[in-house]
Amino acid sequence: MTNNPHISIQHLNVSIGNQLILNDININIPNKKVISIIGPSGCGKTTLLKSFNRLLDDTADVKVTGKVLVDGENIYDPNMEVTHIRKKMGLLSQRPYPLPMSIYDNVAYGPRLHGSPKKSELDELVETQLKATGLWNEVKDRLNAPATRLSIGQQQRLCLARGLAVEPEIILGDESTSALDPVSTSIIEDLFIKLKEKYTIVLVTHILRQARRVSDYIIFVYMGKIIEFGPTEELLLNPKEELTKEYVKGYIS
Amino acid sequence: MPILKSNQTSKMKRFRLLKDKIYSKLMLLFTILSVSVVLVIGVGLYYKSVPVINNSSWGTLLTSSQWKPLKGLFGFFPFIMGTLWVTGIAIIIALPLCLLTSFYITEYAPNRIRKILVPFVNLLSGIPPVIFGVWGVLFIIPLIQNHIAPHFVEFSTGYSVLAGGIVLAVMIFPLIVSIVCEVLNTIPRELKEASLSLGATKWETIKKVSFRKAKPGIVAATVLAISRAFGETIAVLMVCGNNAVVPHSVFDPGYPLPALIANNYGEMLSIPMYDSALMFAALLLFIIILLFNIISRVILTRLERKLAA
Amino acid sequence: MIRRKIEENFFRVLMVLATIIVGGSFFLIVGTIFYKGVPFMNLDMITKIPGGGFYIGKEGGVLNAIIGSLYVAGGATVLGLFISIPVAIFINMYLGGKNFIANSLRIAFDVLFGIPSIVYGAFGFLIMVYFGIKASLLGGILAVTLLVIPILVRTLDEVIRTVPHELRDASLSLGATRWEMSKVILRQIRPGILTAILLSFGRAIGDVASVLFTAGFSDNIPTSLHQPAATLPLAIFFQLGSPVEEVQGRAYASALILTIVVLIITILSSILSKRFSKNIK
């Protein structure tokens, strides 16, 4: 694809208990693009996404083999610092999960962990990230209100701002719009398209239209295997594999 | 023929409905009776303690240190302080240990270890108070007498508020651990993942997210544990020396309220006003524990409802 | 980064230590009881009543206390069931189980559960004096019944709540009255009732403060409800205070017996409740 992949996955196998969830995954994810992972539910999409920042570590009985290289570093290397990897990636989950603190503290949470920034620096950073996610005008008068008072759509944008505040390189989205109303969904989608100038974005989605609207490339996963990987239009309109064709037409779901 | 049949069924139906009604009233009666035990206990104890309250006053009873039943002097201050000392020591020991244990069980422990640990905490909660008392006498008392106290004071028999506090602490371990674990388990995994994916360590996530989220539950568990410690009788009575003076150090003996009631019930009837004074002690315990229990149960019920919504 | 890593590891070690202390306390207690109790354990302990008075006599065992405890705990549990089954059914079937009144009643029983046994004992004694009952098996059973009702009600309540709503609705839509449906539910939750019985029995057999003034104490096995009865925990408490070494030994052996009985009951009830539902404590 590109000469310089941002994330490179080599022979990745993930099993939980006796069940093989991901089977020999090999893929290169290009830099500063939006990539969608699609596939029927239970096919391993979310597991694949979580393997990128080692959130699988805490799952019971999980076994991971193979390599995931981010910027050339294998994140499954035993000497690797987990917090260092996770800081590189912002995660946006299915539903917004604001931390139990104020709007301001939510955004400042990450930066405070990784250093002791001055109040003025923090103020500036919070404002920048809230502006980047289009939330600033809506919340600037109540930064100290609990984050849970915001609407679901606002909360999800806050979670995005919170993730951006640690200056990641990659944004991971796990069906990030599935709990949102259409208006909030399109705001988030527009944000993704805008943000790819600076970030590599990997999204899990089961909505083909969404994948088509926002992504440059699509990965189709079925039964723990990557069936096809290619540019969006090509994969959706002219799939090479029979399984992809059937999924896109809606025969398997 | 069909008419007769329908008559029969309607008769039967009436009988069935009547039966339902009778049983319903009967059950209502049982429910009211068993719940009103709270009220009856309160009223009964108050009624019995009226003589001693009239004789002195609430203020004197609560703040005086004069305990001379033969002269009609009933100052509960040493007993109240004894109760506060043992309860305080128990909570200071148990709370940090239990919080750390609960965090370990819910966040760190591998499944295998968790499956072994939880049943043992459960078993601990089934052990009767008197066994804790025996253990206190056989293990804690010599430990304090020979190994702990000599570092701090010249002489101690071991029978002290510290011994009472330690035994109580172990008794409330299961209570605190089970409630806090339950509350921690209701925190959504995604919330912790959100913190982790921002680069927080597990401990930072516990400290800043889980702890904050579980705070009401932790408060409720603590209040419940305090009220449990307040009322515990036999185990404390066996190890804390039972000396009616206000303790000034952890190695001093103390005489908590429940122990006072238990120790003197037999002979109280021969001294005037003595039975009334002991009933007053029971009333005090009852009121405090009732309040604490209501507070913690309301917090826990609210929390449960909030998390279910 | 290094500071954060040190902090993480420091607290991890602290947590493991705390867990070892909390989990280990169980072994420490049971270990102490076994270590002291086993040397004094013999067949006489469970087959004979104490010879020459429980406080000074060196001969015999604690059969009087074992039987007395079984009587008190058994009687209280049976009596408690008669009261608490209707209450649990009333809360769930007649009040619907999920409204304000039902929840307030649950809190009330939780609060009753929290009232210490010494208060039940003192209150029981008051009642006995009022009615002119002397310290006896009957008095002990009555006081302990008050103690176990909240346990029984709350456990049964939890169990009934695990019965799927579909079953109730199905039975009701067939035209059953609520009482008839309750009988169906009761048959459904039989293992749950057994759990409640075990929990109540376990609590009743180990409690001292409630029987201290109500059941009295005797070296003989009671033959009627109006005779005083010894109980195992009280026997432990009294014998431990004796200056005679053999009697103290009998206290250790009694403690061993009580511990084993209670552990078996706890294990049985947790196996049962695990099979039935995850929510029962």
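We just call them A, B and C in the order they show up, numbering each chain from 1.
Here is the rule we go by: a residue touches a chain if its C-beta (ideal position, glycine included) is under 8 Å from a C-beta of that chain, and two chains touch if they have at least 3 such contacts.
This structure is a prediction, so every number in the text was calculated from the model and none was measured.
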Chain pair that, of all pairs, has the most C-beta pairs in contact: B-C
Middle chain, criterion being Cα centroid separation: B
Centroid distance [mean C-alpha coordinates] between chain B and chain A, Å: 47
Length of the line joining the C-alpha centres of chain B and chain C, rounded to whole Å: 15
Rounded Å distance between chain A and chain C, as computed from the means of their C-alpha atoms: 53
Shared interface positions of chain C, touching two or more other chains: 4-5
Shared-contact residues (touching 2 or more other chains) in chain B: 201, 204
Touching two or more other chains - residue numbers and ranges from chain A: 83-84, 113
Sites on chain B touched by chain C in the complex: 16-17, 19-20, 23-24, 26-28, 30-31, 33-35, 37-38, 40-41, 44-45, 48, 96-98, 100-101, 103-105, 108-109, 117, 119-135, 137-139, 170, 173, 177-178, 201-204, 224, 227-228, 230-234, 238, 258, 261-262, 265-266, 278-279, 282, 285-286, 289-290, 292-294, 297-298, 301
Chain B partner contacts - residues on chain C that touch it in the complex: 4-5, 7-8, 11-12, 14-19, 21-23, 25-26, 28-30, 32-33, 36, 83-84, 86-87, 89-91, 94, 103, 105-112, 114-123, 125-127, 146, 149, 153, 177-180, 182, 202, 205-209, 212-213, 233, 236-237, 240, 251-252, 255, 258-259, 262-263, 265-267, 270, 281
Residues of chain A touching chain B in the complex: 53, 55, 60-61, 83-84, 86-87, 89-91, 93-95, 97, 99-101, 109-110, 113-114, 159, 162-163, 166, 172
Contact set on chain B toward chain A in their complex: 110-111, 188, 190-191, 193-201, 204, 208-209, 212-213
